[in-house]
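Below are structures written as structure tokens.
One chain, subunit A, appears in both complexes that follow, with subunit B as partner in the first and subunit C in the second.
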Partner chain A sequence: MHPSPLLKVAGLYKNFGGVQAIHDLSFDLARGELLGLIGPNGSGKTTAVNLITGFVKPTEGNIIYNGQNISGLPPYKIIRMGIARTFQMVKPFYQLPAYKNMIIPLYSPRVKKRVGGKYGDRDAVALDLLEEVGFERDAFVAYKSASVLPQGYLKRLELAKAIALQPDLIILDELFSGLSLAEVASIVPIIEKLRLEGKTIIMIEHRLKELFRIADRIIVLNYGEKIAEGFSNEVMESDAVKKAYLGAEA
Partner chain B sequence: MFIGTVLYAVVNSVILALLAIGFNLTFGISGVANFAYGALYIMSAYLSWMLLNLLELPFLLAAVISILITTLCGALMYRFVLLRVRGQALSEVIATFGIGLAILELFRYLGFVGFEYTLPVLIDHSFVIFGAYIDMQRILIVIVGAVLVIFLWLFTHHTSIGLAFRGIAQDERTALSLGINSDRIATLSVSFGAGLAAIAATIIIPLGSISPSEGYDVLIKALAVCIIGGLGSTGGVIVASFVIGFAERFTDSYISSHWTMIVSLAAILIVLTIKPSGLFGKQKELEERI
Partner chain C sequence: MRNAQLNSTDSKHRRKERIDRGIKARSSDIFALSSWREMLYLAAPRCIPIVGCLMLPLVLGIYWQKVLLSVAVFALLAISWDILEQSGMISLGQALFFGMGAYTAGVFNHYFGWPPFLTIPFASILGGLISTVILLPVLRLRGIYFSMVTLIIPLMLVRIVEATRIFGGTEGLSGITPLPSKWLELYLIVGALLGALFGFRRMMGSDYGLVLKAIRDNDRSVMNAGINVYWFKAQALFIASAIGAFAGAFMTHVYMFVGMPVFALDYSILPIAAAVVGGPGTLAGATLGAFILVPLSEILRGIGGLRIVIYGLFLVVFIVALPEGIFHYIQRKYHQFERWVEV
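Coming up: the complex of A and B.
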């Protein structure tokens, strides 16, 4: 008998006016799994994530997380239940130093509940978490204002904020976009470490080579519909995927 | 005369800062321009007056009750009216202005007009400082103003709800993704803003009287200070209050009181011509402007 999935998406639809952004999307996500969500631009990947995290309400369908139906709940409730996400376009609190950006998730109701209201030295925890995602402690990068940090560090900060929420499921929306090969290579081990810690991860990515190295399973979306699902090499062999990506006749 | 003018300019500046700080807090956090702000200020003063004169409660108790009721009214206004038009700036302005208009004109209709409608000073005493007379109420205003600013700073920098306030002030989407309930924070922001208006009324009204037209003046002054300072910036509010406060009192003393309004408006014009987003206002990022 299979253990119950951490996340179950069933018959999900989302229409924006006359545009069908998500059409009958269904999939299961097992605990500890790393799922890659790919597809051409405008295929509905970010909308799917927005639906799961409550930023957009579904037109129809269910999202079951940890046995509870979370479809239509507001984002803050979903985040408190243990789903954290990053955004493709990062928007840190620019006026604050990087480590102070961490204070808000570290004081969040979810963390408060998990530590029993005892916070201790949150600044020290923030600095530790930032070091984990690659903020060199010796260079004092964590003390710099978020407004002067390069994109690579902002993406790391975004990841650190998600980790600080102590989630069970982390959704990474194009974490690698805008980063150099070296930067991506240095972030991949952080994601692998999260998996070893038992986190379940969904990654939306355009950097397929890097994604395929770490993902257990890939789902391909096109025009809001799931057109393929399986191991990395399998899905890329699918005619529907080739057509979606290359425009070639199947 | 110079020392006296400076003293009164400081008091005038703190009064302006007290009038604007609540409006600014609400706008800075939830982006709601609460045009009922002046009406809430006057409403709290009338409430104190009624509790004091009709129920004969002690003034401090009456003031505390009216501050609490006004704070609650702010929260109710958000939950039952503003939540429905959230994010539509023009609708928010119309809704809040409508509520303010209704409150002020109701008091006018009920006949609450006249010099007898005022609140007592807390301590009836005056001093001579460097040859200038100044009463205890004005000194109290400066003390309350300073305490409120320090309290707000500590609140927004060292409490988790204050950090949540700042988080949502900077970006609602990010705040939501970190588990912050944006509607709850926005409710609190409107309610705290209303509470600050009530505190300002309790301490400032004893210098004059309560009247519905004062409600419109308070709104205009709060708007002027916030626009010069840069909407949403606490530091900006303080600096702008001192710019207008000093300009007004020095014009009064050295030119003529007829020129006071013209100098204030000129100060607004000059600042906005040089820096359209206000002294400390953040220019919108390029991506948001195109």
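Coming up: the complex of A and C.
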């Protein structure tokens, strides 16, 4: 394995007006690792993702990706370097059929040359990628407008758009929320397959059972601060976590 | 196979079927045509406007030839507006593009003696570039904020010309070289309109156009694909402003004059009306709208004071009766054409 971490977050702060959304967050992420990021609602998980992907500028601190400081760069530059993320609130192109949604990431400079444009190659690649995340080809779901797709398919579409970018690091922001147990069970193997392909993954999840089964390591956030870090079962033993996280849920 | 059935004389067991069914079922863009009817069905929407536009100058009288020039110019401005609209930018200032092209052509002809066949392409590019650079800082503004700025800038430019007296000030620049012949004039603008209509329709239907449309739908999601949204918006803005600047440069040589009226509100508002009445999002609708509204306004010219009221009533009726736009309505009806097939 590569000795240096793929991602290094160091002393990150983000304030929204008076709200400290992220307070002194630091962690390393090794290549090929699957990191689970958990915490109660409003604890700053999505903000952390927005900071890493450039959608929000940090108040203070550094984000080093592949040895390069990316904090403050615009999202499109960061994404081109090989980070892809899904949105907790799905953001499809509602006017377009599902497979045409895929054309946008396939048109990204990162993959554009590799998947060719003319004569509909891109459509074919789009359909293949969608089939991989569970758009049944026989049912022609991929041809339906995104505006009529149920939540389960929109989440899969988010995942497919991220995969289409051929990223090294994939950040999944509550991909499982709003999905049935059966749907979650059908997506877990896709994530495991991504790991086998050597992708590094950060998963933000409320479905702890499923997360703990596949995560290498867990970080717990509360009020923007890291309150625990470690293996799944260890983390849940910590008093701070019990108080903040389970206390809030129970 | 189905075609053989279609041509068979036995008509006992028949039902109606949409003509496009057979064509569409094969593919959305690779056509396997099997009859002259299917070929005609696909070709007619392209052939009718092309043949129609090329014939019009020959059959119209001198007065209506002038109206045709005006129709084509407003159609180009409406196409330019529609491209911006599809890319998520609502412009209220097509006059900026028109005026920039008009003044660029006028200045290079008047001061440097460039001939029209140089000034027109040059002014399309330079006028488009200047307009784009002016609007670049507000490209990040969304929705109404972008619109407000586009509305105000041409009005400001009028006052600047007036106050600084540059380029002839309130008098404008006259004695601009005309185009060599009336026929060249007519066919240049009609050819440009057809080229813009089909060329940019093709562009908006390509993957590149899809990215522009996606920006309107959800720009954060486009950024999230590693695409520089501002760069794409700037490109769309340049394309749209170059189209408008071409129309302006052309008219400078038709009028043999350029002055403050090129920034008039008409050039901003009428193209929007044309696109909305014709049906935005297709470019063809915008063109159709100009072919309806400009002649309508000419016909009403005889009426006098109530002209605007009647014109306004027409607009309201169009929009209330066909809120989707005339083109979408025709397109829908066209796809519903039926033919007999055996069952």
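Heads up, the rule we're going with is that the second predicted complex is superposed on the first by the 235 of 250 C-alpha atoms of A that agree within 3 Å, B and C clash if a C-alpha of one lies under 4 Å from a C-alpha of the other, contacts with A are read in each partner's own complex, and residues count from 1 in each chain.
Heads up, the rule we're going with is that a residue touches a chain if its C-beta (ideal position, glycine included) is under 8 Å from a C-beta of that chain, and two chains touch if they have at least 3 such contacts.
Given the structure is predicted, the values throughout are model-derived calculations rather than measurements.
Partners subunit B and subunit C, brought together by superposition on subunit A, clash. When the two structures are aligned on the shared chain, A:Tyr223 is found in touch with neither subunit B nor subunit C. Looking at the shared chain after the overlay, A:Phe212 reaches neither subunit B nor subunit C.
Once the two complexes are laid over each other on the shared chain, residue contacts for A:Tyr13 go to neither subunit B nor subunit C. Of the two partner chains placed around the shared chain by superposition, subunit B and subunit C are both touched by A:Ile79. Residues 53, 55, 74-76, 79-80, 84-85, 87, 91-96, 103-105, 107-110, 161, 165 of subunit A contact both subunit B in one complex and subunit C in the other.
The touching residues of subunit B, when paired with subunit A in their complex, are 160, 163-164, 166-167, 170-171, 173-183. By the touch criterion stated above, subunit A contacts subunit B in their complex at residues 53, 55, 74-76, 79-80, 84-85, 87, 91-96, 103-105, 107-110, 112, 161, 165.
Residue ranges of subunit A in contact with subunit C, taken from their complex: 53, 55, 74-76, 79-80, 84-85, 87, 91-96, 100-101, 103-110, 117, 120, 122, 161, 165.
Taken together, the subunit C residues at the contact with subunit A in this complex read 29, 207-208, 210-211, 213-214, 217-218, 220-229.
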